[in-house]
Amino acid sequence: MSFETGTQVRFAHVDAAGIVFYPRYFEMLNGAVEDWFDQSLGLSFKAMHMDRHIGVPTVKLEVTFLSPSQLGDDLLIRITPRQIGRTSCTIDIIFTGEGRDRLKAQVVLVCMDVDARRAVPWPDAVREKLMEQLVPQED
Amino acid sequence: MSFETGTQVRFAHVDAAGIVFYPRYFEMLNGAVEDWFDQSLGLSFKAMHMDRHIGVPTVKLEVTFLSPSQLGDDLLIRITPRQIGRTSCTIDIIFTGEGRDRLKAQVVLVCMDVDARRAVPWPDAVREKLMEQLVPQED
Amino acid sequence: MSFETGTQVRFAHVDAAGIVFYPRYFEMLNGAVEDWFDQSLGLSFKAMHMDRHIGVPTVKLEVTFLSPSQLGDDLLIRITPRQIGRTSCTIDIIFTGEGRDRLKAQVVLVCMDVDARRAVPWPDAVREKLMEQLVPQED
Amino acid sequence: MSFETGTQVRFAHVDAAGIVFYPRYFEMLNGAVEDWFDQSLGLSFKAMHMDRHIGVPTVKLEVTFLSPSQLGDDLLIRITPRQIGRTSCTIDIIFTGEGRDRLKAQVVLVCMDVDARRAVPWPDAVREKLMEQLVPQED
């Protein structure tokens, strides 16, 4: 099962060529991961960071930019967990808009104790939800 | 009459102290101005920039930051046009959240021919809408 | 006495019209304030935030954008302290490039205890340096 | 032969956990690519975009984040071209600081006609420099 959220290309996202400057895609991507944790995994970034001192830094990222996005484009972002480890999770992400894929990414997130700066196991409730949503990668 | 739109404080907005880094407020503010033009003044930034080669750069800005905003805060942004010139417009902007004002700003926007890099009169349809929404500043 | 530092307009700073998107000016401005604290006031942002848990949030900002800046422009940023309070400081900032003023700003910074979230007096050593550099505003 | 340039972790780069928010790394990376084109390949982004209407969008990106970077860290960025096609170029990028690797990336850039939105061959002078600097990937 995949999680879906939407976003819109804003003036702040585009470059001198009128298309999304790629670092801005990662701000959108991080926002989508925030929505996913908040709306679907039951743990908001606010609760994570401020109450539990947990973070989910990105440790690996593979992205293919498939077609450019312009100012005003409505984009759909789909997140699918592909592999779940004790302290990490691999997710697939696709940005689409008007039937065109814009980018495909595979991201490895790690559950981190922010104070101790080391990986820690996923909280049980998050792990359970992740397992429910898991769609193992086909070969 | 004021225009209202909402936004949420994202991980990308906060600094090492866990509160909004002030340049990020201006990305939110610009996003609110985009919403206003698109939803209320009848001219999207996309149509403006890409079809008509018009921009609305900010030429003056006065801001007072009243209270900090944290990760996850839902903010309401209210825009009120205060003065309308041939090529410019002065607007008041307030960010609030949970009953607390976060910042108050006064911004002067100018209607600019992007190619010629000079101020041009507001398109008639925009000017009309601006006049309808005008709330002259009280002394 | 004023503090001067330089920066360059990067691809990340410009918008669809090919000129600096104004929230990016505030990232540059904040970087110049970091340089000022580090190189001239004897207290780096790193030492401030990480060792002493002090921050210097901006509480007030007045900016006039005088002329646009383009990709590749070398900008000089000049900072002049105008007024020093027990816990605050008012500074004037000018961005220039190729003899043209780009923006003038007046900014009020406050010395803040990051943990307690309240204003605290400037550290003595910083206060001393600020007093040395003070150029009271002419009327 | 590799190109090297330096940067510093700024307040604008770090997140609520006090370490670089990863989209900011890509702003630094893009800045390093700008330095490389300007200082080493003989074609500034300014000349490219404004005079020749050429851009070099990123079409593929693989990154491993090896260790976190903190406010104030001085980082060295090393760029090595690995493969040169008619319209594209694959480069390796390493960020290091105080002897620790922070991230390793492989990036595919494409030479694009900004107006026509399609790939075009590298300008001869750029291609020549790229060939001089090429360090073919070892197996």
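Letters A, B, C and D name the chains as they come in the text, with residue numbers starting at 1 for each one.
Going forward, contacts are C-beta pairs under 8 Å (C-beta built on N, C-alpha and C of every residue); 3 or more make two chains touch, one makes a residue touch a chain.
It should be emphasised that the depicted structure is a prediction, and the values quoted were computed from it without experimental measurement.
Chemist: Go through the assembly and pull out the chains touching chain C as well as chain D.
Modeler: A, B
Chemist: When A-D is set beside B-D, which has more C-beta pairs in contact?
Modeler: A-D
Chemist: Where the centres are mean C-alpha positions, what is the separation of chain A from chain B, in Å?
Modeler: 28
Chemist: Please compute the C-alpha centroid of chain A, do the same for chain D, then give the distance between them in whole Å.
Modeler: Taking the mean C-alpha position of each chain, the two centres sit 23 Å apart.
Chemist: Centroid from C-alpha atoms only, then distance chain B to chain D, rounded to Å. What do you get?
Modeler: 34
Chemist: Send over the residues of chain A in touch with two or more other chains.
Modeler: Residues 11-12, 16, 18, 21, 23, 27, 30, 49, 71 of chain A touch two or more partner chains.
Chemist: Note which residues of chain B are touching chain C in the complex, please.
Modeler: 16-17, 19, 21-24, 26-27, 30, 49, 55, 57-65, 68, 114, 117
Chemist: For chain C, which residues are in contact with chain A within the complex?
Modeler: So the residues of chain C in touch with chain A come to 11-12, 14-16, 18, 21, 23, 71.
Chemist: Under the touch definition given earlier, write down the residues of chain A that touch chain B in their complex.
Modeler: Touch list, chain A to chain B: 10-12, 18, 27, 30-31, 34, 44-46, 49-50, 70-72.
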